[in-house]
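One chain, chain A, links the two complexes that follow: it is found with chain B in the first and with chain C in the second.
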Partner chain A sequence: MGWTRNVMRVNLTAGTIKREPLNMDWASQYLGQRGLASKYLVEEIDPKVDPLSPENKLIFTTGPLTGTMASTGGRYSVVTKGPLTGAIACSNSGGFMGAELKNAGWDMIICEGKSPKPVYLYVENDHAELMDASGIWGKSIWDADHILHARHQDPLIRIAAVGRAAEQGCLFSAIVNDLHRAAGRSGVGTVMASKNVKALVVRGTKGVGNIKDPKAFMQAVNAGKKVLADNAVTGQGLPKYGTQVLMNVINEIGAMPTRNMREVQFEGASKISGEAMHEVRASDGRANLVTNAACFGCTIACGRISVIDKNHYTIVNKPQYWGASGGLEYEAAWALGSDTGVSDLEALTYANFLCNEDGLDPITLGSTIAAAMELYETGLITREHTGGLELKFGSAEALTKLTELTCRGEGFGRDIGLGSKRLCEKYGRPELSMSVKGLEFPAYDPRGIQGMGLAYATSNRGACHLRGYTVASEVLGIPVKTDPLVTDGKAELVKAFQDATSVVDSTGLCVFTTFAWTLNDIQPQIAAACEGDWSLEKLLEMGERIWNMERMFNNAAGFTAKDDTLPGRLLSEAAQTGPAKGKANDLHKMLPEYYRVRGWTPEGEPLQATRTRLGL
Partner chain B sequence: MLRALKLEPERCTGCLQCEMACSFENEQLFNPSKSRIKVFNFHDDGRFAPYTCTQCAEAWCLHSCPVEAIVINARTGAKEVLEDICVGCKVCTIACPFGTVNYNHDTGKVQKCDLCGGQPACAEACPTGAITYVDIDQTGLDRMRAHAQRSLGASA
Partner chain C sequence: MLAGSAAPTEAMPRMKVTFKLYATLSGYLPGGARDHQIEAEVAAGTTPNEVIDSHGVPRRLAHLVVLNGVYVPPSERDRAILRDGDTLAVWPPVAGG
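This part shows the complex of A and B:
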């Protein structure tokens, strides 16, 4: 079956915890994780609800393959209405928490209401309990992790927690599990803290079984593992360089957003690349990268484990940062680095450690600091606002100090904690926020990769590369190469990627498998594990159903076609260098076609025929 | 030829495929908490290490068992627990210097690595070659070759 068929419902207001059976009708339509939890969310909350009110809900959800031997089958997602965007938010994390939750016998935990005092949820198989969090409230995630391990005297518990930033209302707070894996984007940690929940602590020893056809499942799993091992990206590039394998590639094609997206190439890219992380430092004779590391069940192992140079000014006399911990992934390296103009690898690694320690989305953090730097350049933000800090592009000191302040919710860090949209509105230049629907762009400039402009404009959680990664096709040629500088055919391409990704995000598998896998590799694993008809056609239709369901939630929340756009800078300021020189993003050529292939009205509303076809 | 599990921590990424393979082979469940091989994460050092029974020649567990429930499989050399005979007294868990025999409260018996009868599932599942199943008398062969190569200044 894949599912445990158990849902835990936690009423934080009343302090009660109940078990209820998983809605199998919905499971047959939405599979699990992103799709199924989003179905629960849209059925249970008013789309217009204030994301930080007790009426919002927060769902931790696994997929049917979470906790199985399927490669990368350790994922969980957090689904809620996001405070940064006001749109549906689904944030996916690896590490070991998802599998632990499944091993404890739960598909999903639905948190509703608001606890009268800080608590953490402790789950040990069938036993679940809300426990007093007064000893960890006000602590960083790393400190809370240490304290909880000591309190429960169990080295094998898994912990997901929010940091001081979330407690202080930073709108892009992450939920961090296993010290440095994160449900990172769209502020799911802020919602958790608004409910007075500091942490989720899980120990599961029941195992994951109920596989429909174990023999067929293991055959499909082994075939999938072989495809990943034999592929150049998942078998070699990602293990060696992590996602940072992309830094130099994307810079060369002129799609590296730089200095608040004013430029599309960064002169310092090679210094902060995956290759640079392997170079032995003259100062201490060590490389930044210690090893690669896997999440639960993952045979790719793209994770970076890094160590900062002890002599670096950021960590002198701070032994808590001397050990190895989660290092720079491409998105963090880009946002903290190229977008702020900082090319100091050690400073970026330190800022990344801080993002893990206190739970910040490094993409939104870096982009918001970049926007603040541009506002500082224009004179709208001054040293009076910043407490004396000079916010110049390229200043590693400004970057690391602002990160420290944002982590703690102190000083100008409170303004950074608003995210770039609210920050730029506050200081009178809303157009300087590089965001869609309030969520900041990731590391692919849509002037150099046209399809990504459409993917960002239409993404259901705001500007995001993980909702439709046409980079795979436009840059890497996966599954087929398309020209990144043309708009023809991109509407269909974006739709295909969005629908397929909705499927992958509902399985318990990692989307990075799709560098090598197509749904043809995933479908046999689902079909062997889960009861019911899980043909390729049904999965694709399900992906489309999930996308439309999310869209309808956002429309009901107040979003319209007007919100399917990009900042003026990307639509009218042409790239000045690189292969895309002279080009802006031609969204207007793609968007009407996209609505048409989606079966939506010109106003971006799913047509009745589309809804009927998808059972919505 | 007798074979032994060869563990190379420097190749391990901490993915736990071995733990799942072990529990699936023995319990028909993906359940790391019931695995006979364990992977340890030395977080601050950025190092992982798989660890399991080395199948000692003079096995403390075997000698300590009061009911002779631990026997040698002559074909594989593994020290195997006979579940029908084991009384769950746990003396072997005390005797083993390495901690690789453990009690399973669900069955009331002890469990340890039995080399899966000569086809260890962990080695088959490991994606990085951190766990291999090699000639018991030649577990150092790769390391010797690497040193020999270095002393020659030769290329592979």
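This part shows the complex of A and C:
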């Protein structure tokens, strides 16, 4: 069956916890994780609800393959209405929390209402309890993790928590589990803190069974693992260099957003790249990268574990940062580095440690600091606002100081905590926010990768690469190479990636498997684990159903086709260097075709025929 | 620095191109290469594959071949002609996100 069929419903206002059966009708249409939890959310909240009010809900959700022997089967997601965007939010995380939750016997935890005082939710198999969090409220995630492990005297509990930033209302707060894996985007941590929930603590010892056909499942799982091992990307490239291998690639092709996306190539890219993380530092004879690391059940192991040079100004008197911890992923390195013009690898690693320690989305953090730097250049932000800090592009000191302030919700860090959209509105230049629907861009400039412009504009959670990663095709040739500078065929390409990703995000598997796998590799694993008809055709239809359901929620929340756009800078200011020199993003050539292939009206509303076909 | 030499043809004029190898291919660069690149002197008329071959990079590992930032498909790697000042960058199969 894959599912445990158990949903935990936590009413934080009343302090009650109840078990209810998983809605199997919905599971047969939405599978699990992103799809199924989004269905619950859509059915249970008013789309216009204030994301930080008690009426919003917060759902921790696993997929049917979470906690199984399937490679990368350790994922969980947090689904809610996001405070940064006002759109539906689904943030996916690895580590070990998802598998632990499944091992405790739960498919999903739905948190509703608001606790009258800070609490954390403790789950030990069938036992669940809201416990007093007064001793950890106000602490960083790392400190809270340490205290909770000591309090429960169990080294095997898994903890997902929010940091001081979330408590202070930073709108892009993440939920961090296992110290450095995160449900990072859209501000899901801010919603958790708004409900006075500091942490989710889980211990599960029941095992994950309920596999429909164990023999067929193990055969499918083993076949999938062989594909991952034999593939040069998932078998060699990602373990050695991690996602950071893209830094030099994207810079070379002229799609590296630089200095608040004014430029498309960064002169310091090689200094902050995956290759640079391997290089031995002259200062201490060590490399930034200590080792790679894997999440639960993963046979790829792309994670980075890094150590900062003890002599670096950021930590010279801070021994708490001298140990090895979660290192830079490409998205963090780009946003904290290229977008702010900072090429100090150690400073970026320190900022990344802080994002893990106190739960910040490093993409939005870096992009918001970059916007602040441009506002500082224009004179609209001054040293009076910043407490004397000079916010110049390229200043590592400004980056690390602002990160510290944002983590604690202090000084100008409170303005950074608004995210770039609200920051730029506050200082009178809203057009300088590089965001879509309030969410900041990831690391691919849509002037140099045209299809990504359409993917960003139409993404259901704002400017996000993980909703439709056409970079795989347009740059990396996976599954087939397409030209990144043309718009023809991109509407179909974006739709195909969006629908397929919706499927992967609903399984419990990691989307990075798709650098080697297609849905043909995933489908046999689902079909062997889960009751029901899980043909390839049904999975693809489900992906399309999920996408349209999310879209309809956003439309009901107040979004319209006017929100399917990009910042003016990317539509009218041409790239100055690289292959895209002279080009802006030609979204207007792709968007009408996208609506057509989606089966939507010219106003971006799913047609009745589309809704009927998908059962919506 | 000058290093490397592709398809030496005595009668052909020579020119300089920047040759970059990244990720697991970096080891194919000559000792002393900095920042994953060298300035290579090659004969006029040299193709991407000739530069790749001359540095001992197995073609099956030369997955992403980029000339002045533009992807060169496998079918063009024996036909495209490098010009003086060009930059040729090569990666093995890689991905991220």
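Here is the rule we use: the second predicted complex is superposed on the first by the 616 of 616 C-alpha atoms of A that agree within 3 Å, B and C clash if a C-alpha of one lies under 4 Å from a C-alpha of the other, contacts with A are read in each partner's own complex, and residues count from 1 in each chain.
The rule is short, and it goes like this: contacts are C-beta pairs under 8 Å (C-beta built on N, C-alpha and C of every residue); 3 or more make two chains touch, one makes a residue touch a chain.
All of these numbers come straight from a predicted model, not from anything done at the bench.
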{"item": "Touching partner for A:P579 - first (chain B), second (chain C), both, neither", "value": "second"}
{"item": "Which superposed partner A:A529 touches (first chain B, second chain C, both, neither)", "value": "neither"}
{"item": "Partner chain in contact with A:A496 - chain B first, chain C second, else both or neither", "value": "neither"}
{"item": "First, second, both or neither for A:V511, with chain B first and chain C second", "value": "second"}
{"item": "Partner chain in contact with A:F296 - chain B first, chain C second, else both or neither", "value": "first"}
{"item": "First (chain B), second (chain C), both or neither touched by A:G207", "value": "first"}
{"item": "Partner chain(s) touched by A:S270 [first = chain B, second = chain C, both, neither]", "value": "second"}
{"item": "Touching residues (chain side chain A, partner chain B) in the complex", "value": "67-69, 71, 96, 99, 103, 156, 179, 204-209, 214, 218, 225, 229, 239, 290-299, 301, 303, 305-307, 323-325"}
{"item": "Chain C contact footprint on chain A (complex, rising order)", "value": "231-233, 236-238, 240-246, 248-249, 252-254, 270, 274-275, 329-331, 465-466, 469, 471-472, 475-478, 481, 483-484, 511-512, 515, 578-579"}
{"item": "Partner chain A, residues of chain B touching it in the complex", "value": "13-17, 20-21, 23-24, 27-34, 43-48, 125, 127-128"}
{"item": "Touching residues (chain side chain C, partner chain A) in the complex", "value": "20, 22-24, 26, 35-36, 61, 63-64, 66, 68-71, 73, 89, 91-97"}
